[in-house]
């Protein structure tokens, strides 16, 4: 599915584009969303520019209700402040807005996501002798705890969707039912993982991630091969609706504006 | 009470080998000029505190100034890894780097507690996170009214806090605007403080009665450092050099290439900012 | 999400008998119009939280709305006593008033904790003060790192928070300017919130990127109440009526005189603020 | 000493004026002063308008480094905000500026002040059945604890300067040496009490307030009669220098401006 090619009369799109579009659809017009940089930021701004014009986007740099015209490279690009309703100190952001329980959705990525949607952004390998030292938790451990619900997005591979994360940076569903509550949390935790192959949702009973929708053109084997545990499929397995022409256009325009803006020195 | 000094004198006077140093600026207003002066003056064994180490600490670490890093997110924002940080942690080059790792929420709370003269901060945090397991400075505290158990971290109390800001007036009062991060907390939590500014003006021209102003009597040194946050940015003055952030990935990936860059752009460069 | 409603509807919908109500505004922007509407709607058994009860709670207490007062300084600023408050405490008129008494530092910390979703606040406070002896809601907490013992108070979590502000835009976002007190904390700490404003405008015209703005999605009701802070003041709109504060001493000293004033100026006055 | 009358060629003044002038002299040009309303505010602004032009005045309403042209009636008059360097939230004021240890001098009054400079602003009589319900602590308990030093000013009478306060709202020196330290404090506490009759300072050994200076025209008996304990006098008892013509002029101008400003409706 290369961008621009034609396939059976449909608008054509890349797996990454579908992933972003599918993630954007999980956001509602009345959401207040704590946005991570990269894929989450893309999805959130796509939602804002399509079906959720009133969605409130918050970046941990303190920018409240921001409407960037281009995607920020960092969590604190000038664009975010200039288009925000207001910009608050970082202490206030984490204490009043996140910890205060004012955020409906947190949107996270991760280097490893396991079958219970626990997220690792700290190390691959042993903490004290890491194979790869990753950037770390940043805002994620408390986004995972304090937002009413969490969305996750990641490219699907057996290195990323693993049976057990090497390090729990941010708690998903622990090792099953009751673990969030035992950790003192009352929030829902991860409700959806969007990859470039499918959608996964926690099983209501076991909390294990289950494939609930395959993206167009993806088959079960592809998902099984790319997943680090014996992944289950929902009884009623859906097919993700492809991106609409409008969604693709808005997303591509956003990327074009962004590339132009960041090319400058 | 703020004294106007050159950046060279400010670093010479207030930053000592072995100090705990916090250089803040959340993506915005990162005090690069001050960091480069610390590298030029070859400070060693620093404990560096910063929420997002960013390129500024990647450079200090690669230059061998740091012994320990207290942080919460150590990446090149939107680009990838900090290669000098990784080289220090994964392979001990140029020196091993001890890590004390927190979350943003905890770091912010620790600065808040430091500025507020408290020994520790309480937060709803780290629930179920392995960070608790690897960082002994994450403890618990019990609410005396409800019995709830919450996370606690020690307050940040750096020896020196360094921030960059838009401007100072002639009395040494400083205006910070835009993404204000934890700059105020950093100055107030620190025993000594250095503020670099884009310019000194007759009138701060604070736009609102509630503008973020650091009074002169809460600061030790004010040093002029035009474009002192580059490649970060200064709201109202210049934009973020996103292209340099992207280029840094290549520059910093290789030890020799990094050292060549450091030699050319930091060590043999003159100090930014003239005496007043 | 903020809805524009009349002040009458806002109070009818969100303030119930027996509620814990915080009406804040530190000398500035005191929500008098809202308080008068509460008196007109004859709410009873309220627990009133406010750092400085001021004339606004003197009136609510004298009108018989309150069962309990949580406060830190209960005087007529620069003038003397609050006679209705004293009459309730000293002689139980019109009803006995239970007191929970704090210091300003503790009240501010309790609002901060409430807004931050914490069950309690820690402070260096009450050292050697008898307030600890008479208020069981002043406890201790021990720093898990240093062993220091500090004071702790429960977070404020009012059922309703009511504040007055300069203006709202048509989406319901609110600008607060000048002495901003604990207004933001009050709105964020409360389960429900009402904000009265001088006017609704097309553009908030916030002067700075860091202006104090309450987003519409953090507020339940916005009601227009022009001069709704009188005899307090609204920075940029009108000045404090210091002469009325002085006159209140005489008006409030005597029960009948107070009731006559209340009848004429509150009970038989129409509600301030029209539906939008 | 009625205002305006002549007495031996000196500039004439009232006891209240002398009290304010003497209090103002205790402030230094490099002080950062947390100012209570009323007499403390008068003294602090007089100092600023005379010998301490750079003194930083802070009111608990959040106004940092304010320069009011008229005396505020309340702690949060518009004048304070309009002439301030900046105005911060009240939470920040108490947490960062006061508790953070940034204030050199706190200036307090009180309904009762006892021989160890403990202050009562809460109740006369029993707390649960008060004879007089006073306004309460306000900022004072933590001003008394967190400022490096505390100044106190009050009119001298045996009802105000008492042997033991009915209620310790704000700790002075407790019941003697070591009590502040036992309460967890490292600050100096009250270093000076200025009344309309004299100056009192804590004895370095016992911490009991001792008269160290008599105001002009005041004799020891007046002070003894007006003090609620057997007050001691320092061996080297000074006489307070009378107000200068400039001090009086500035103070009277300040009062005149203030009365005019507050008379309006």
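Chains: A, B, C and D, in written order; residue numbering restarts at 1 for each.
As a convention for this text, contacts are C-beta pairs under 8 Å (C-beta built on N, C-alpha and C of every residue); 3 or more make two chains touch, one makes a residue touch a chain.
Remember, predicted model here, so these are calculated numbers, not experimental data.
Undergrad: Enumerate, in label order, the chains that touch chain A and chain C alike.
TA: Where chain A and chain C share a partner, that partner set is B.
Undergrad: Could you compare the number of C-beta pairs in contact for B-D with that for A-B and name the larger?
TA: Here the pair linked by more C-beta pairs in contact is A-B.
Undergrad: At what distance in angstrom does the C-alpha mean of chain D lie from that of chain B?
TA: Using C-alpha averages as centres, the distance is 41 Å.
Undergrad: Averaging over Cα atoms per chain, report the distance between chain A and chain B in Å.
TA: Whole-Å distance between the two chain centres: 29.
Undergrad: How big is the gap, in whole Å, between where the Cα atoms of chain A centre and where those of chain D centre?
TA: So the centre of chain A lies 58 Å away from the centre of chain D.
Undergrad: Among the residues of chain B, which ones contact at least 2 other chains?
TA: Answer for chain B, listing residues that touch two or more other chains: 112, 117-118, 123-124, 148, 178, 180, 184-185, 206, 209-212, 235.
Undergrad: Touching two or more other chains, which residues of chain D qualify?
TA: 81-82, 87, 95, 99, 146
Undergrad: Return all touching chain pairs.
TA: A-B, A-C, B-C, B-D, C-D
Undergrad: Could you pull out which chain B residues touch chain A in their complex?
TA: Residues 26-28, 51-52, 71-75, 77-79, 81-82, 85-86, 89-90, 101-105, 108-109, 111-112, 123-131, 134, 148-149, 178-182, 184-185, 212, 233, 235, 239-246.
Undergrad: Note which residues of chain D are touching chain C in the complex, please.
TA: 37-38, 60-63, 72-78, 80-82, 87, 89-91, 93-95, 98-99, 118, 122, 127-128, 130, 132-142, 144-146, 167-171, 174, 179-180, 183-185, 261-265
Undergrad: For the complex, which residues does chain C have touching chain A?
TA: 1, 112, 115-118, 173, 184-185, 188, 206, 209-213, 215, 217-218
Undergrad: In their complex, what parts of chain A are in touch with chain C?
TA: 30, 32, 56, 64-65, 81-82, 84-88, 95-96, 99-102, 146
Undergrad: Taking the touch rule as given, give the residues of chain C at its contact with chain B in the complex, in rising order.
TA: 117-120, 122-124, 137, 139-146, 148, 150, 152, 154, 177-178, 180, 206-212, 235
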